[in-house]
Structure formats: C-alpha cells, structure tokens
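A, B, C and D are the chain letters, set down in written order, and residue numbers restart from 1 in every chain.
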Amino acid sequence: MSSIYHGQLTVSIFGQSHAPAIGVTVDGIPAGETVDLEELQAFLARRAPGTGAWSTTRKEGDKPEVLSGLVQGKTCGAPLAAVIRNTNTRSGDYENLKDIPRPGHADYTAQVKYGGFQDVAGGGHFSGRLTAPLCIAGGICKQLLARRGIFVGAHIAAIAGIPDATFDPVGLEQSALQAPGEKIFPVIDDEAGERMQAAIAEAKAQLDSVGGVIECAVVGLPAGLGDPMLDGMENRIARLTFAIPAVKGVEFGAGFAVANLRGSQNNDPFYMDGDRVRTRTNHSGGILGGITNGMPLVFRAAVKPTPSIGQVQDSVSLSRKENTKLEIKGRHDPCIVPRAVPCVEAAAAIAVYDALLEQEKRREQP
Amino acid sequence: MSSIYHGQLTVSIFGQSHAPAIGVTVDGIPAGETVDLEELQAFLARRAPGTGAWSTTRKEGDKPEVLSGLVQGKTCGAPLAAVIRNTNTRSGDYENLKDIPRPGHADYTAQVKYGGFQDVAGGGHFSGRLTAPLCIAGGICKQLLARRGIFVGAHIAAIAGIPDATFDPVGLEQSALQAPGEKIFPVIDDEAGERMQAAIAEAKAQLDSVGGVIECAVVGLPAGLGDPMLDGMENRIARLTFAIPAVKGVEFGAGFAVANLRGSQNNDPFYMDGDRVRTRTNHSGGILGGITNGMPLVFRAAVKPTPSIGQVQDSVSLSRKENTKLEIKGRHDPCIVPRAVPCVEAAAAIAVYDALLEQEKRREQP
Amino acid sequence: MSSIYHGQLTVSIFGQSHAPAIGVTVDGIPAGETVDLEELQAFLARRAPGTGAWSTTRKEGDKPEVLSGLVQGKTCGAPLAAVIRNTNTRSGDYENLKDIPRPGHADYTAQVKYGGFQDVAGGGHFSGRLTAPLCIAGGICKQLLARRGIFVGAHIAAIAGIPDATFDPVGLEQSALQAPGEKIFPVIDDEAGERMQAAIAEAKAQLDSVGGVIECAVVGLPAGLGDPMLDGMENRIARLTFAIPAVKGVEFGAGFAVANLRGSQNNDPFYMDGDRVRTRTNHSGGILGGITNGMPLVFRAAVKPTPSIGQVQDSVSLSRKENTKLEIKGRHDPCIVPRAVPCVEAAAAIAVYDALLEQEKRREQP
Amino acid sequence: MSSIYHGQLTVSIFGQSHAPAIGVTVDGIPAGETVDLEELQAFLARRAPGTGAWSTTRKEGDKPEVLSGLVQGKTCGAPLAAVIRNTNTRSGDYENLKDIPRPGHADYTAQVKYGGFQDVAGGGHFSGRLTAPLCIAGGICKQLLARRGIFVGAHIAAIAGIPDATFDPVGLEQSALQAPGEKIFPVIDDEAGERMQAAIAEAKAQLDSVGGVIECAVVGLPAGLGDPMLDGMENRIARLTFAIPAVKGVEFGAGFAVANLRGSQNNDPFYMDGDRVRTRTNHSGGILGGITNGMPLVFRAAVKPTPSIGQVQDSVSLSRKENTKLEIKGRHDPCIVPRAVPCVEAAAAIAVYDALLEQEKRREQP
C-alpha cells in the first residue's frame, strides 16, 4: 500500500525526487491502443517547471522513457512502464531536514513513520515531482478517452482569492473545456489571470506563496460509469486527486454550496433533449449514486499555498528537542496551482478510464 | 469492485433497502479484540431514524446480528460478519422508478448501468440504509481505537447556512470531541442547533429539504499513520466518506479556505510542548504528506439536501421518452445531516484503524 | 487478507463451524444474470454429509439463504450475499483442543497465530464446513458458465491408491464430463468405485482414513482466458483449490509427469479441425502461458486422508509442555474425497468465470 | 491484473523479452532494511544463462539497476523499483510467430487474447526472461528473511526421471538447505547430478529437451505464518510458483503421495523437543490449515521440458487456416530446470516474507 491505484487498471508510482529515476507502471490497458508519445510529452510539459514567472526556473526536462508495454506505438497487453531520469540527484545537503522539519512539508511525519530512513533529498517520495509519473499515467488515459469522444480539461478557478470564470456545468463543450489548457496560464478569463499573476508576483516579492482552486470537467461521458458506495466516481476521483501533495479539499458539482441549498434547488430536473436524457441544472456534478448521468462531470480541488517560502519560520530541532528557526534556501514556486492543473486532469482521466474499462466489461454481458 | 474497502482491513458491504438483509463483513481485525455489542447498538441508534422531528418516523430497528468472527465477545481472527434484517421488504410498488427517475437520486444512473435489473425497491443498494453496515464496521473500529486512546467524534457544522461553533483544531480534547455525539441533535452550540431545527421544520412545512456540513475530528492519534500519495489519510478518509450517498465534498484542515491563505499563514509552525512536537496552528488538519502529525485530524463533509421532497418535480418517462411530472409519496427526512453524523465518524474510524494496523506492522520491524 | 478472492469478482467467505452462520459475499456479477436456487441446492447437496457410508451421518442441512443481490431470481448488480445457518452450535466442549492439538489439524497453528482467541469449536474457520460457502459462490459461477456453453465437472481420480479411469483430455464432451457428478459416488468407472468404497470401509473399520486425488475439467472454453505470470489460469485455480483445507497438491495437464517427458513428447502439436485450432495431445491441460487454448482445461488435486481418526494418537499438552496421548471422539468421514469433488469444481468455476469476465472486458475494446 | 502480487507487499513485474527493459516494483518493504546488491547479483547469476552445457551460451548480463526505494543501501519506505536493460532488442524477425505458433508456447493463446497486438519478439511478456524481475523481488525477500534467521533453498529433485536425494523434511538444517545452491548444478547428490547432465546432453544431441522437478524448503520459520483459506502458505506459494512459465504442478509435503497414505500414516504426531513443539514426521510440509507449524516448509514444483526444440514440429498457419510444419531456429536450453531453481526460491521467499510482514502486524497487537 501507498502509491498504488488498484482497479481495472493498476497504476503504481515509484521514485524519489533525487533517486536515479521516477516512474510508473500501468497494468490493465487492453492491447492494441495507440499511445502518442509526442502528445504525452506536450501534456507533461504543462506540468513542468520553468514555464512562467510563478514557477521555479529549474529545468527538469521531464522526458519519459517507455520501458515496456508498447510495440510500435501500440499497447501490447503487457504492463506499460515508463521512467523519467532525475538529472539532479543528491546534489544538495538535505540531512538537516531530518532534524529541523519544514512547516507544511512531510519532513516530520516521514521522520516518524520511517524512523529516519526516509529519503529526504528534495522531499523524496513526497516531492511534488512524483506528480510527473501520475501525469504519465493520466496523460495516456486522457488520450485513450479522447479517442472514445470523452474529454478531460481543467483550469485555475481561483488563486489568492481571485476567481476565474467557471465552466458552464450544463452546456460545456469540448472546445471551451480544452481552451484553458492551451494557454501558458490556464484560465478562462485572461484578465482574471493577469490579476492572479500579479498576486503571485506580489507574494513572491514578499518571500511568500499563494494557494488556489482548480476546476476540472469531463465531457462526452456516457451515463452509467462508476459504482455504488466505495467505487463511485467521487470516491475514485477524490482518492486520485488527493494523491497530489498540496490538495486539501475535493468537491463535486455544487460541492460545499449544497449546504446552503434546498432540495428543490439542488435537485437537477430531468428533461428529454431529443432522445437524450439531460438535466436542466447540474448541481450533482454529473454524478448520481456514484454513477455518471451523462452530464458534464465537474469537480474542484483546493490547492494549498506552496509550503516552501523564503521567510524565516518557526520549527524545532528533533534531536535537541527545542524550538528553533528555519530558513529554506533555493528557489521554489510561489504558486503551484498552474502546474497542478494537468495533475488534476491526470487524476480525473485515470479514474474515468478505469471506470470505463469496468463498464465496458459489464455492458458486454448477454 | 463497488462496495469494498480493501486495505489491512477488507470491509465489504452488501444488501439492498428491501432485500432480506443488509450487512457487512470485516476481514483483518486481529484476534483477541473485544467488541462491545451494546456500545455498538448505541452507536447505531444515533443513525437510526425516528429520533427527532427532522427524521422520518419510520422505525427500522437497526439491530445487528453478528454471524461470525466473535467468540464470547472477542474477535477470533476469522472474518466478522454482521447483518441487519430488513423488516420492511417489497411492500410498496417501486417499478415506476425504472421509468420515471427521481431527480437527485440514482434511479436513472442505475437504470442505465444495470439495464433495468437493479433493485429499485427503496433505492436498493443506493439507499441511505446501506450506511447502517458502514456504521457497524465503523462503530467496531471506533471501539478498537478508543481502547488505544484514539477518539473519533463529529458534529453538525452547518445546516441551511446556519453555522455551529467549530472544534478547536489545536486544543481539542476528548470530552469536547464527544460531547455533541451525546446529544440527540449533535451540535456544539445548542442555540445554533435550535435555529437549525427551526430551519428544518420550515423546509419540511414547505415540502422541501435542507443540506449541511459535518465536521469530524480524531484525537489521540500518534504521528506517523498513513502513506504517501494514494493511501494518505486524506485519500482513505475521502474514499470512505464519499461512500455516504449524500456527500458531495470533503476537505481537510483549512480545506478550500487554503485558496485564500498565503504560505506564511497556512504553514503550521512546529514547537516543542515538553517532549512532544506540536504545531501552533492546524491548517493541515493534522495531516502532512498524507501522514498524521499527532495534532487533531480535522475534516468536513458537505451533505446535500435530501433529494426526496414532497413537491412536484420535473422528470422524464424513459419508456415514452417524454417529459413528465413526478410526485414522491411517503415520508422522508427533510434533513439527513443529523443522521449522517455517525456515518462520517464511521468512515473516519475505518480509515484510521486501517492505517493504525498498517503502522503497527511497520513499527514492529527490528 | 485471508478468506477473500479479489479479481473481477470479489468472493469473501466468512463463518466458523459452530458460529451462528457461515456464508459468502460475491461482488462483481453483472446485473441480469439468472441464479437458479434449486440447481444451486442440488449442487450443494453433493458436498453435504450423510449421503454414503464414507461420510458421517451428521445432517447439516446446507440450505443457503440469499440475503441480497438477487431480485426475482436475477442478479441486480449489488453484491450477492448468502448464508447457511449452523444448527449445531457450541454443543460440545472443544476447549481442550487449545491445549492438546489434533495431529493433521490446524489446532496448533491457529493457537499460535491467534494466541488462543481462535474459535476452536468444530475447527472454527478452519473447518471443512467452510467449503460450503465456497460451493455457493462456485455453484453460481458454474451456472453462469453453463449458460455460455462452458461446463465444469470432476470425478474421483483415485482413493487409497485405487485409480479411476481418466477424462479424455483431447476429446472430452459435456456428457462424459458431467456423468460422474450425477452419481452418489462420483467416478467414471463404477467397478473401480466399488473397490474404492471397500477400501474406505476397511479403513473405517480400522478407525483410520484414506486420501485420494480429484480430477477436474472444463470444456467449452474459448481460447484467450487468463493472464500471464501471476493471474494465469494455473495461478487462479491453484489459489482457489488450495482453499479446500485438505488439498496438498495441484497439477495441470500432464502435471508432475512432465518431469519424465521430453519436449518432443510433451509439446502438443497444433492442427486445424475445420476452422478451429486444436492440439493433438493435451499435456498442457489446455493452458499455455497461463491462457486457455480452447482445449479441455484439465487439472488434479491431491486430497489428504481425513486427519480426524479414531485411533489414539501422539500429541502434546501445550500448557504443561509435555507429550501426551489424544483420542478423538465423535464420527468423522473416513474419506472426504467424494465430498470434495464439488468443492474442486467450485474452485475451478470461480477461477474460470472470473477470467471470463475479465476477457469480456478486453474483447469489447474497439 | 496480470503480473502483480498484492499482499502486504505489492510486487509488480513488467517488461518483455526484447523491450528496452524488464523490471519490478516492490511496494511495502519497511524502511531501514539493508539490501545487499552484490548478494542480489550473485543470486541472479544462478538464474542467468550460459553457466553450463544445459544452458544456452547467450549472455544476458542480468545486471539490475535500482531506480528508487534505496538510500545508501537501505530501504527508505518508498517503493523499490529495479530494471534490467535488454541489450538484445528487436534483432530477429518474430512476426511469423503470429501466424505459425510454436507448440508448448504462448504464441497462439497470446494471439487470441491480444488480437495480434502482443509483443512476439522473444516471447514478449511470456518469456522466461521475466523470471529475472521475479528473482530481483525474491532475492531481496530472501535477504530480509535470512536476517531474521529464516532461510530458503532449493535443489533439482529430478530431471528426465533421474531422482536426486531429498531434503530431510524433519531435520533439515540451514547448511544442508543451502549446499545445492552453491553448486553450478544444484543437486544434493552429485553422482545423480552427473547422470542428469548426461540425460540433458543426450536430449540436446537429439534436438530435444527434458523436464524435471524442483524441491524447495524454508527453515527457521516461526509457527503462525499464513492465513486460512485463500491466503494460506500453500495458496500464496502456489500462486507465485505458477508465475514461472514452465511450472505445471505444485505439491506440499507428501503432496500427491497423500493419496496412497492412511490418516494414521499421514498425520504428523506432535512431540515436545525441550520447550519447542515439533512433529515426528512432516507429511504436511510444515503447513497446517494454511499456517506454518514451525517445521521445515517443503514443496515441489514440476517443470516441463523446454518447449523450444530443434526438431521439426506440427503446427498451423493461423492466416491460411491450414496445417503446416515448424522448425525453431536458434539456441535454446535443452533443460531449464537448473535455471528455474532460484526462481522457485524467489517465489517462496516472496510468499514467506509477505506472510511474515502480515504476522508481525498481528502479533504486535496488545
């Protein structure tokens, strides 16, 4: 247990920030599916650092090498394994993180859990860098979904309290869904995006960081995907989205706003749109009883401000058992929300493709 | 896949609202643990209907029968299985739910997924009644945790926009944690509770329903529970909490509010409290990198308003493929938030006990 | 982990010999499948005791009650749960089994594993009685397979060294496969069966017991079921067959005889039978690379002699840490091989149906 | 599902014979365990080809690279991933294997299952080469067990009908257990080994191959490892051993010979050896009710003769749907039994270490 999603697909993520490599195995993709590695590379580039002022200038060069599972660009039924080499290994001195944990990071909890044997370099297995293999798996699932007419997209819904426009939960089309992802700063409303970037720059100047919210949607979904109770679409997506280290909340459709709605407002009335059943509103986020209803699937994830900030912070020395101060060196993203956008898409794509594989099985029954 | 949580514990829920029984198997509890069935019954009573004006007067008599796994009140190492008989089976006529789905319910999505073979009576496997077996499993885990000094509690954080007081995320003690659960209407601030009950009564009079938020906390936790990435405490708790049918959002610590905080505000500074490492604030909800840090674990779940309302609603006839009206008969809770409080505790208890079992294994290594 | 098979189906067995009930949950059967409870009852009767001189006269009345998952005789997509009440609970005094373990039984190992908290009555969770829920799950799978033209059958291949005839591994037809199962003493060659029964009677008269071998086959299988490495048909069937307490060996096709064959003998040459690919011999038992090749799937299981015998045996007192004698009272089957025949069929049926569900998923891909 | 063992450890094997790499991830090893890579390399060398006349002279150079999970030679709690580069990729022309399947190989079954998209080069994911990653995982487990005083060893029990001596199932000591593994041709009785090698040479001269049996044992085991029913030591070991492509049978203790024994012979009487409970015989192979009893765990695996032989064989053309002849070119092991010996050890080591991790958890309970 730890870095494995086990459904129709088994997605198993490995690696540490400064180990020789990070990577992922994906077991369960049917044979004969095309994987476009250039398209995958373009998707990974959206997560890579150094693309904007809100990000570190460190260059990681997240170029995946597929070790197995593909023959001439098509899946062969065997597990797909892909790795990204870490070029930047063991360069710094991280040993003091075992003694003086950084607030907001996993240094202290990993020290307790692993008794000092954890890999502290660059955050080890807890590094945001581990979202790159998540994006490899998710990027592949995204491609496989797109070929079935199912599209996954996301945008920054808010940063530092500045809201973007929202996806139209009822009438969302593929083009509107994918438009933000084609921008360097993935928002719907570019003017709001500029204000967000200004807020990031201001925080950065003050050696601080800001958080935000990401909204993600899936369109083109058939009704009937997902399972009751523990394998509903909410369960699957939440479980995968919380794999992104900074996520602290996940909500579907109206989400926490349901607390202020009455049933007569929150219920989405059904109507016939030609032969198709649709709902007039979409407070459910396209999910009823854990199962897709064919409307856009819509959810949001809260992303905390980068815990690595340049200001002096209070911490403790675990060895001396006394209070102390800590100053984190190096360059860090003042806001990771933009880079987390494709990660949230990846989480959604894995969950949806997994549910699709399961449903295709059931539907085939005589 | 569907109604199974598979970790150190395997919790497998079965049953439909009007089947002969609902129940649960729990595999993986070590032998020799005491299970107090009276205490379990008292816990289940908190979920049972008919205890207040906000709830239906239907009497379910949720009395679990333990079929296996216990010998003279102690676990024997074999899977524990428990069932609750449904006394109220197949009484009504539910066949029209296959044709005219209720808004906000799983009628339509189940019809698509199961091709008309689903059990529609009383919502079948999608009924809120299936949270009773979840509470059996969770109630047992809660007992086992309490004997290790770990306590789980929850309260209504808001109903119809009316907020309760909140748990103190830093200094929460067992007594304050458990106080709401001893009340019929589980709030911290009884005056707020009265206003909530008035809001429920008002909605009920208008044949409507209201939603809310539940706050849950766990205290007495050791640091070091949970795993990185896909089996962090957030992943586990979210997956289990979304098993409660009406939940549409889950957030930890500051949750969605992190979007408005700076890193310097959101980071929780460490300090020494005698020999113990603590944090001065608790925006993380007691979880860093998916792993407990020893502070109170705090999360919230958004609960939608009961979709069953007495008002005439818009729906469709699936057979005739045309719009129609629907009026739901019978009595339904105008607000399920109070009854969902122990269900959220159950979800948390299963997740925490499962992580504890895993950690006990690792800690024992030489 | 312990009594759970987790594939496309999750089969979860619970109960102890003298607990209120034994039972099973089966999660993952698609909705709309017919389950014939009379046919299931007839299958279970083959496992029940008291049908012949080789068996105890104790009457168990293995009548399963389906608690959930069926609506009007068809699966509804929700987990199927069924239980068998134990009528004969806690009647005897079994506490001394914790002190003086029976040779060949799990008394000693359970005592060590569960620290004395195990349920000793009647063998607890280790009782052969737990194969009844296995037969419920397997009997249902057998029905679902038969409706797809896939048939599972088994016979006694040997008892006390007396061999039965064998299934024709190349030309086996449904009628020959199922003929033994329709007999009270399930052999191909009734004359051999009579000699076996005489050997059993002789052992019984001497307060002893005898073991044997069961041969099982599956015909009508499509090629292409199963997976490489850890989920091949051999892995699945072996894992499920070893769930039957007395089984000590499993072999496929030529099995251990491959050790004496050359490649030129053991390889099964392919040939065209009209449009169909077949093999002239079937040393592989119908499995190549873990995957079915469309020929009859054939395997054998070795079943040890009943460990409960009437003779005085050497054992120890765990409390006094000294050697002692043990005499087992009560009536016990002098040979469990006949009753184990349907259990082996059940194990095979679960494995094959699980692989079929998986394959149906993959085949449906565009 | 396919190449994953999912218990306390998750072992996930990937790669194809001629893909860029083969490899394995192992999730669940506690932090702080030492992994000796030189010792691992020496273990892998026992499986490597080219060490004797019975093996191909092809040099594979199975040198694993650990990509993650180790820090300065110790596990860090994150998944351990290791790969072996394939130097010999896509060199030949294997496309005709899709049309004319080799008898005894998975060519035909893979063609059906994967619809022609499987990787045929060198057998793809079905190649015996995939046992190298199994040996990486198993070799590491073997080390971790040895440090707890638990030792795994195996030897050739028979080749071409020529038997080796057997392990003493009652008094087996570490030195006798490990002696065969230190030899190039791992037998107990070197004279028998010479006759086996002569039989291999003779088969080779006749463009043929021979099969055999491997006996494996584990000593130093505590009583109490393993679980009832589906996760007993037999179930685990069988499932893992059948992952070795050529294995067609697995038996424990007396194995298939139980069919000829009476209960009074097969039951192993308990006696006190000082403070320790032991049995006078060991027909159970050290396992009762799926759980170790502290005696040597003993099992055997049947290994079929190499299906690749130089003789002309009958096969079919799948495209032309007609019978044809096939001649396999290249050099192949006339007997893979010697190289399979460490693979069987690896399977046993994974199963035992997994059960040990689980037991350590349970034992720690208060």
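Some observations on this one:
Assume a residue touches a chain if its C-beta (ideal position, glycine included) is under 8 Å from a C-beta of that chain, and two chains touch if they have at least 3 such contacts.
Please read these numbers as outputs of a predicted model, since none were measured by experiment.
In this structure, the chain pairs B-C and A-B differ in their number of contacting C-beta pairs, and the larger number is found at A-B.
Using mean Cα coordinates as chain centres, the one most removed from subunit C is A. Our note on geometry: subunit A versus subunit C, Cα centroid distance of 45 Å, whole angstroms.
We define each chain's centre as the mean of its Cα atoms; on that basis subunit A and subunit B are separated by 25 Å.
Subunit B and subunit C have CA centres that are 39 Å apart.
Contact of a single residue of subunit A with at least two other chains is seen at positions 1-4, 6, 8, 13, 31-32, 78, 110, 113, 125, 228, 358, 362.
Subunit C meets subunit D in the complex at residues 1-8, 13, 101, 103-106, 108-110, 112-113, 125-126, 130, 158-161, 203, 208-213, 222-232, 234-235, 238-240, 242-243, 245, 247-272, 275, 277, 279-280, 283-285, 287-294, 300, 302-309, 311, 313-316, 318, 321-323, 358-359, 362. Those residues of subunit C that touch subunit B in the shared complex are 1-4, 6, 10, 12-16, 19-23, 25, 27-28, 31-32, 65-69, 71, 74-81, 83, 110, 113-119, 121, 124-125.
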